[in-house]
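I am attaching a structure below and will ask some questions about it afterwards.
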């Protein structure tokens, strides 16, 4: 189920990019350049969902059994991910105007925070007293994942109030969170 | 087939949420808050389809063989689920206006009723004289599922006329039906 | 690949149904009823694609090997199926007006004819001298499928000129073609 | 993951074809014919993504292991493919007007170039010193794939400046690149 929903949500992002109808090479080029926030939102959301996807996939390799609560928690995570094309479109539509940017960034950050928190909730629910964890997974491995996963909610949570000072700082942090995961460090 | 269609239908729900174009932080915030029926419809439909999905998945674990009739019944169920993004959009667009709410709720409830009835039809077709049931499934298990599945059509059927008195009561019932399944009770 | 594309095309059909914005219970109800061609198109295309899907799935159980030509032919079939949400939307938008109905029906029928022809081409390419057929498939079984598959292009081909006399007759034939497959006869 | 994203991107192409609302058989027929660039873009992008898909699928049969860098590169390739429905819509909307065609073709070609380059980057990353290649894949086979894959970026790269002279020549080249792969030569 999860793979299908994430694949669709990530691909629907493109539908939120407006197709400019300006005529003439110059006008079209300007219209395409002017909507850079749409490309920025598309790329940032695509990569962020991609990171959630990889982590989700990874996490479920440690989980041996699935119970009813886990299914429900996972459904909520999928609901959060499905919502991101909307919050991305709102961000893209208001990023350029100085007035409006703040609210759009809050919504955008909140949708990221929601998925990051749920990823943690799922992991802690599954790993609590090794409830649903495969027997061959070491305690150290579990602990390592718990520590790494806390980065997301922490960063996203801190940047929500930060958006009051400057939405652009928040968005930079989101890009950094995605980059931290995407750039291979040593391993 | 079913998994793909349900995953797509559940993810398409987000496309029905209108992206507000109001400029300015205050206006945008108000516009976002004002369209709460869209979020309500999104969440309720997402969770309800999620419940149908889990039940569908569960049910097919008891079913060992598939015949032509079952394929056709399943195709009709998928058609019903595919229709829900539309009935959700109609509900979201008319929930706030006191006049219009009734018709939108009837359409919404009818689309839920349709899927719930079909889920029952499929189960009874398959389990009738254990026609398509795996040999290791106990009679008691079959009976238990039959009893549980009847809850959906019953609740959805009863709330359709109820919408004449108050659409909000109907919608509360839909939320309760989803919650009954989602909240783990004991097991 | 095929399963994914067909699942998406069949589910995208719902996006072509217009969400009425009429206010008030009566106006909304009338608007919903007035767009019956959209529901008709949705259901007819959904069931027809469903039938193609089942046949496609069925056919590939007889096919043991896949070569380059088959991949390309299959890609063309997927292109045809992907196009149907568009031809359905055109039909739904022009079915009610007496003037316009003819052209929309031709486009709609042509998109069905295209998929039916390609299904036949794929089958004949694969079964020609048993080129790609599994060894345990009997010659009689191959012949039976060849005969059954010809029904689609034949009916769709004949109804294209028929649309000149009456588009409604053509559409009735399309519904009958789908029904012939969907209604179980004996087996 | 990849299969899901590509299947969705390829099927979303149809949503970019505008449904004409002209009334009357003649006006509708003319409107349908007039938007031939939409069908052209739909078909060309569908076949090109289809070719990328087949190559991607093929390539991963030679790749035995997946590491973090490969996952990230693949995510970027998926992002490029997801973007094509947008660049196709821009092309379709500006192909007919002589002024505007140039910019739209550049964007379109650039989105193709991006995916072709990434396919090469992935292959070279995986095959460099046989890093992630299955042991039974011969050096000659690896070399053959490297040579064949270079065709895409080469052709797409050369046609980008060519679009300055004539966008139609560029588009013809794109069609030829797709055809080269699609038409079976000997094997």
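Note that the chains are named A, B, C and D in the order they appear, and that numbering of residues resets to 1 at the start of each chain.
The rule is simple: a contact is a pair of C-beta atoms (placed from the backbone, for glycine too) under 8 Å apart; a residue touches a chain by one contact, two chains touch by 3 or more.
Note that the structure is a prediction, hence the values are computed from the model and not measured.
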item: Set of chains whose contacts include both chain C and chain B; value: none
item: Fewest hops from chain A to chain C - one hop per pair of touching chains; value: 2
item: Copies chain C and chain D touch via same or different residues, half shared test; value: different
item: Chain whose average C-alpha position is farthest from chain D's own; value: B
item: Angle of rotation relating chain A to chain B [CA atoms, steps of 5 degrees]; value: 90
item: Rounded Å distance between chain A and chain D, as computed from the means of their C-alpha atoms; value: 27
item: Separation of mean Cα positions, chain D and chain B [Å, integer]; value: 38
item: Overlap residues in chain A, where contacts from two or more other chains coincide; value: 4, 8, 12, 15
item: Touching residues on chain B, where the partner in the complex is chain C; value: 1, 4-5, 8-9, 12, 15-16, 68-69, 71-72, 75, 78-79, 82-83, 85-86, 89-90, 93-94, 97, 99-104, 107
item: Contact footprint of chain D on chain A as seen in their complex; value: 3-4, 6-8, 10-15, 17, 19-25, 27-29, 32, 42-43, 46-47, 50, 53-54, 57, 182, 184, 187
